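Can you keep this structure in mind? I'll have questions shortly.
We call the chains A, B, C and D, going by the order they appear; numbering starts again at 1 in every chain.
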Amino acid sequence: MINFMNDYNSPGHPDIIKAVADAAREKYPGYGTDAASERARNRIKALLGAGGDADVHFLAGGTQANVTAVSAFLRPHEAVIAADSAHINVHETGGIEAAGHKILLAGGGSDTAGAQVAVSGASGAGKPGVESGAQGSGSGASGAGKPGVGSGAPGTGSGRSGAGKLTAEGVRHICAVHADEHMVKPRLVYISQSTELGGVYTLRELNDLRAVCDEYGLLLYLDGARLAAALVSRVNDAQLGDIAALCDAFYIGGTKNGLLFGEALVIVNDLLKEDFRYLQKQRGGLLAKGFLLGLQFDALFENGLFFTVAGHADAMAERLRSGLEGLGCRFLVNSRTNQIFPIIRTEAVERLASLFLFETWSRVDEHYSSIRFVTSWNTTEDEVDALIEAYGSLER
Amino acid sequence: MINFMNDYNSPGHPDIIKAVADAAREKYPGYGTDAASERARNRIKALLGAGGDADVHFLAGGTQANVTAVSAFLRPHEAVIAADSAHINVHETGGIEAAGHKILLAGGGSDTAGAQVAVSGASGAGKPGVESGAQGSGSGASGAGKPGVGSGAPGTGSGRSGAGKLTAEGVRHICAVHADEHMVKPRLVYISQSTELGGVYTLRELNDLRAVCDEYGLLLYLDGARLAAALVSRVNDAQLGDIAALCDAFYIGGTKNGLLFGEALVIVNDLLKEDFRYLQKQRGGLLAKGFLLGLQFDALFENGLFFTVAGHADAMAERLRSGLEGLGCRFLVNSRTNQIFPIIRTEAVERLASLFLFETWSRVDEHYSSIRFVTSWNTTEDEVDALIEAYGSLER
Amino acid sequence: MINFMNDYNSPGHPDIIKAVADAAREKYPGYGTDAASERARNRIKALLGAGGDADVHFLAGGTQANVTAVSAFLRPHEAVIAADSAHINVHETGGIEAAGHKILLAGGGSDTAGAQVAVSGASGAGKPGVESGAQGSGSGASGAGKPGVGSGAPGTGSGRSGAGKLTAEGVRHICAVHADEHMVKPRLVYISQSTELGGVYTLRELNDLRAVCDEYGLLLYLDGARLAAALVSRVNDAQLGDIAALCDAFYIGGTKNGLLFGEALVIVNDLLKEDFRYLQKQRGGLLAKGFLLGLQFDALFENGLFFTVAGHADAMAERLRSGLEGLGCRFLVNSRTNQIFPIIRTEAVERLASLFLFETWSRVDEHYSSIRFVTSWNTTEDEVDALIEAYGSLER
Amino acid sequence: MINFMNDYNSPGHPDIIKAVADAAREKYPGYGTDAASERARNRIKALLGAGGDADVHFLAGGTQANVTAVSAFLRPHEAVIAADSAHINVHETGGIEAAGHKILLAGGGSDTAGAQVAVSGASGAGKPGVESGAQGSGSGASGAGKPGVGSGAPGTGSGRSGAGKLTAEGVRHICAVHADEHMVKPRLVYISQSTELGGVYTLRELNDLRAVCDEYGLLLYLDGARLAAALVSRVNDAQLGDIAALCDAFYIGGTKNGLLFGEALVIVNDLLKEDFRYLQKQRGGLLAKGFLLGLQFDALFENGLFFTVAGHADAMAERLRSGLEGLGCRFLVNSRTNQIFPIIRTEAVERLASLFLFETWSRVDEHYSSIRFVTSWNTTEDEVDALIEAYGSLER
């Protein structure tokens, strides 16, 4: 069955696997102290501009990267600020809390809303599937969300500007009400680029977040599980160097961008660098065969494969989005990365699911639901076209 | 200055202190293994009806009791369900999360809303201070909240029925969306009786919560920091025996009801009893001089002082509430326990604060704020009358 | 039955209780922000000499003080160095580990040895009960332990110099072997003054420990549950000012020195001061009625009661030690504080236990056992003399 | 340089890598729910005999497997019993303690001794390098250690029978002294097969450990990072079915036996199975591309590659051991698995290190040191012979 379920459903890009296979019998020192890892770290640092004296550590997966980094950076009473749709809030089984830290949610939604982010927001939208069309469309709106869709009415101080994006205003509100030692102390702002809903923070939005972080003494941490898809998005204006200049730490996702597995954590802020390898080892995140990560990231950044892979994924998503839109389809959010969220009649979901693999996202209203299609380096034009055609049949 | 700040602003009821002082030179075995502690435990168990084979443990304070109990009962991936105004969510510096457990919030508010629970809810109320008048007034409404005040519009599935109360519907919604191992597993429902807003769960509401707990395999835990004030409230219909029959565990607050310090944790569910003293000791909650708690609780329950003390506190609050109401005052919630929340003109807050100690609670709208008055065994009629009179002068 | 079980078997010194009782109806701000607490903090700081700008926090008990302080000071990968007989290692139910930190044990013993510290050490002593006679006897030996008794043969690099004391050499050895990120990073040295075996660190020993801490970048933390008993001991030469000058943090025990309950944590090192109240609150250690601690410590330090109380306890122990020694009794260690450890024939233990309450400590050899007698402000000369007489009868 | 540093210095066995590479473009469901993972689980279960209804979970590395399993199985006050040389005690940066659990060490050594296990033990051996010759040599001794070498004198109740093995007696001693709630509660016995020193528990030793576990209500957990090397060892008499019958849980190491990475955790005890995937996810140990682990383990167990790979490693170690022994070399322990520990003159270590990569293990006495050679599927006879020859030159 044609698979649009996610971007980690295939082992890895053949060029990556070849790099590993060619080295099968080579011998390396352990735990990332090898030359391949060093080469990979240097390739990444070369892309960071002024942030090039950052520390780079390789980890096996995103949840591991998030919990290891966040818990390494915080004292026990310090809390994380995040959107309610944040991956760490919804889909990491409470890993951050298990490490001892409260997540303070910006946005009107409780964290259960995070699991089905659009339900309530969309309920007052009058018409289902009012696509925002905002981001990158020249309308000047900064977020992908439009009134009534995605994340509640804008301007309500919800802390989310749409498409799962956290706003500086939302951060400021949380800091204002956490004033004494009877409450946790907000200390780290967590954002995802691209977001869990496919949104992309603009450079201006990132600057605003940095400013509020400076105002309140907060760290800015960016979960880049799908950073590549954001960097090559047509609506993106923040490059890796900007990310490095604005964030205290972030990770560059490999698992969802062609690697077998692996994420590259970049620690820019000198104050956060000390003893990170201890924390990594303690949490089981210092791979004995660290060179496996080095070999992969070295190949990923050697000839721009990192951008090629993501470019293909985004192009496939754009082809799909455009095709569906041409058939009158509306979307939950206006994502221009490799995840799109069409709204279809609820009764049609099951029929489509008999032909394609995808995730059912949320109920939009009485008659409509949103679903999620994800593309990757391993998605073909034929697969996309087959899906567009099937959608066309459904709606006839 | 006359002090309505809280119910823990004096050392303790003279009868309690006398019990300790009289024993100054006696000698006891340590860690709660003494005869006074045993007597105190038996007095409490005698009030529990069918729950009388419960285990009773004494702890020094409420935050300690909550975090020790909750962390003793849960595995690392199991989460707590609570109202966003819950003490554990707002005012325990993330103690539950520090012990590794996520708190899932029922109600539309994020946890920052919990810190200022009424702000958004009241914003659509049109008129400030629309007092609900519901609870105990014969109107048949089960909660203290009225549309627009206290906790958002009723019937919106907010998970709170007003006055900081969690609803069975709110619990059910959270359980429904937490379906697999990528999310935490809801396991324990936390409620406070009386609530942080002075509300009292009716027996019917408690039965409904028990039913949803049974449906989803959840534990029901009741924070009784102000349980005495609820038990003697004119709107209460759930006795200690009911609490013991419906909850898996709960604690009976002493600190806010006349003791120097101390809470009595009652573990009813046999499955939660094992090795509790280990957990208590590990968290620094097994007092070396456990007999100090035994002596106090023994005195508290010997001649009904527990109820007398709370009765006086509630009566003083009722006298104050009634007096203010007679002068046209409106309230944030219709509390009938020892905390009341008048709504006054914001510009008058400071003036009143120059004469009395109290807590400013929240902005209600552009012109009005809510404040909190708390009474105790050590509040006098004269103090109450002076406050009523001062309020009268203010509003003239 | 006459009780030599411990020094926390009575509610509290009458002068302390009177201070609380007299204030029963007074009203105070909460959480230690009251004037009595401030007075008490100032009285303590006045005794610290150059360390007088320390922060002082009051906590309810020793285990709570230890775990709150240690976990506030350390990052997750940082470890504690302690003697195997350390209270945190043996008798706090793994509280330090529950807070996430490994305890590295100096000394040859495993932590089970810590529970029965003298068993193996004494087994090669040839004669049971070879009392060391070292400390304070003019022999110039720095520790209370003598070859074969207490802590294994000296000079073996065991890390303990006797009587439960940690040596600088033991600390150095641990630091030397913990060299990379695959192992925890030693960061805090924990010592007790007086020790769990009644020993007293000399000023020279403390200076040596400070020097090794400086050498390896370690914090020095002193558990002063029985600090008063050490300060007034005839073998002591380190005053409170010395302690403050040498330690990064320490606590002054109240529970075992006449208070109802309470310990005063002194944080000298500026780098450790930040946000401590958050940590205290998060762990349930910020008492709502903090003024209860303030009232007690204020009274304790007002007229030197702190020293009077401990002086009496030590004097009673000395009277007992001297009396028993006159009857030929030998001791496990040469303690000159309020805990002494006579060695008696194992068959006599039960007989003595029918007349007096005390703790059986350890088997010394096939025929002999050590037991522990503890004195307090509430021990009388008559009780001591009765015990001496009973011992005399036993040995006849 | 010829590399005897460890058994994880090469990417992976070509057959394993081929299995992954061939599937590069296939699409799979995530998180181990794929068919390849199911096949791999079934292949493993088929080897477990009566334990075949076990749950099998795949994790990325050994430290991750240990900390995830142990913390999933224990309540906060429950402790682990282990040898002081245990990997979890020495080389996992306190991961078990970071998860909240104390490790109780059997054996006379402190945990610093664990880092250099033989130092003190060997110091009294008179002659360096007294090889025990015990295990598998027909002498009937159960352990690889001989008096004075490896782990202190046998029969001293040290809790280790040699070669890093824990004894039932050692477990019993710890349980006996941990008697009440002031101490942690021993609950899980951790052993490694083969041990960190290359030792192999006999079936009889495993039965004895099971018996003491049953006596005290303990869980038996086996760290099988090098289980394959033990299973194929000439001195082994415990098969996978025995392991499954005797242990509550264990893991089968892949990283050190030919896989790119991966360990298979087997949970035999039904009581430990519930919700394990939640814990795995929470700790970042549920790989998104779980099928990578499935594909590898499927290939590993398809045609007995698991045993072939380990067989080659052990054979190379045996060839090396035998060759060195023929030249008069003595060994720290008598290991018959893929790690051997020759004792050579300290002054020769550096010279040898200029030709070969290996780990320097410990000082044995004034003149001698032990070093470690590890073999793997990727060690050749030529490499072994070159090392033997070099050793011969050294000693001439």
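As a convention for this text, a residue touches a chain if its C-beta (ideal position, glycine included) is under 8 Å from a C-beta of that chain, and two chains touch if they have at least 3 such contacts.
Every value quoted in this text rests on a predicted model; they were computed, and no experiment measured them.
Undergrad: Along touching chains only, what is the step distance from subunit B to subunit D?
TA: Shortest path length, in steps: 1.
Undergrad: Of all the other chains, whose mean CA position lies farthest from subunit C?
TA: It is A.
Undergrad: If you tally contacting C-beta pairs, which pair wins, C-D or A-D?
TA: Pair with the higher count of C-beta contacts: A-D.
Undergrad: With centres defined as the mean C-alpha position, give me the subunit A-subunit C separation in Å.
TA: Here subunit A and subunit C have centroids separated by 52 Å.
Undergrad: Per the centroid of Cα atoms for each chain, what is the distance between subunit A and subunit D, given in Å?
TA: The answer is 38 Å.
Undergrad: Hunt down the residues of subunit A that sit against at least two other chains at once, touch-wise.
TA: Touching at least two other chains: 76-77, 92-94, 98, 181-182, 184, 278, 281-282, 286.
Undergrad: Give every residue of subunit A touching subunit C within the complex, in rising order.
TA: Listed in rising order, the residues of subunit A that touch subunit C are 71-72, 75-77, 181-182, 184-185, 275, 277-282, 286.
Undergrad: Along subunit B, where are the residues that touch subunit C in the complex?
TA: Contacts found on subunit B: 3, 5-6, 8-14, 17-18, 20-21, 23-30, 60-68, 92-95, 98, 255-256, 260-261, 278, 281-289, 291-292, 295, 378.
Undergrad: Would you pull the subunit C residues touching subunit D in the complex into a rising list?
TA: Result: residues 76-77, 79, 84, 90-94, 97-113, 115-116, 120, 159, 173-174, 177-178, 181-184 of subunit C touch subunit D.
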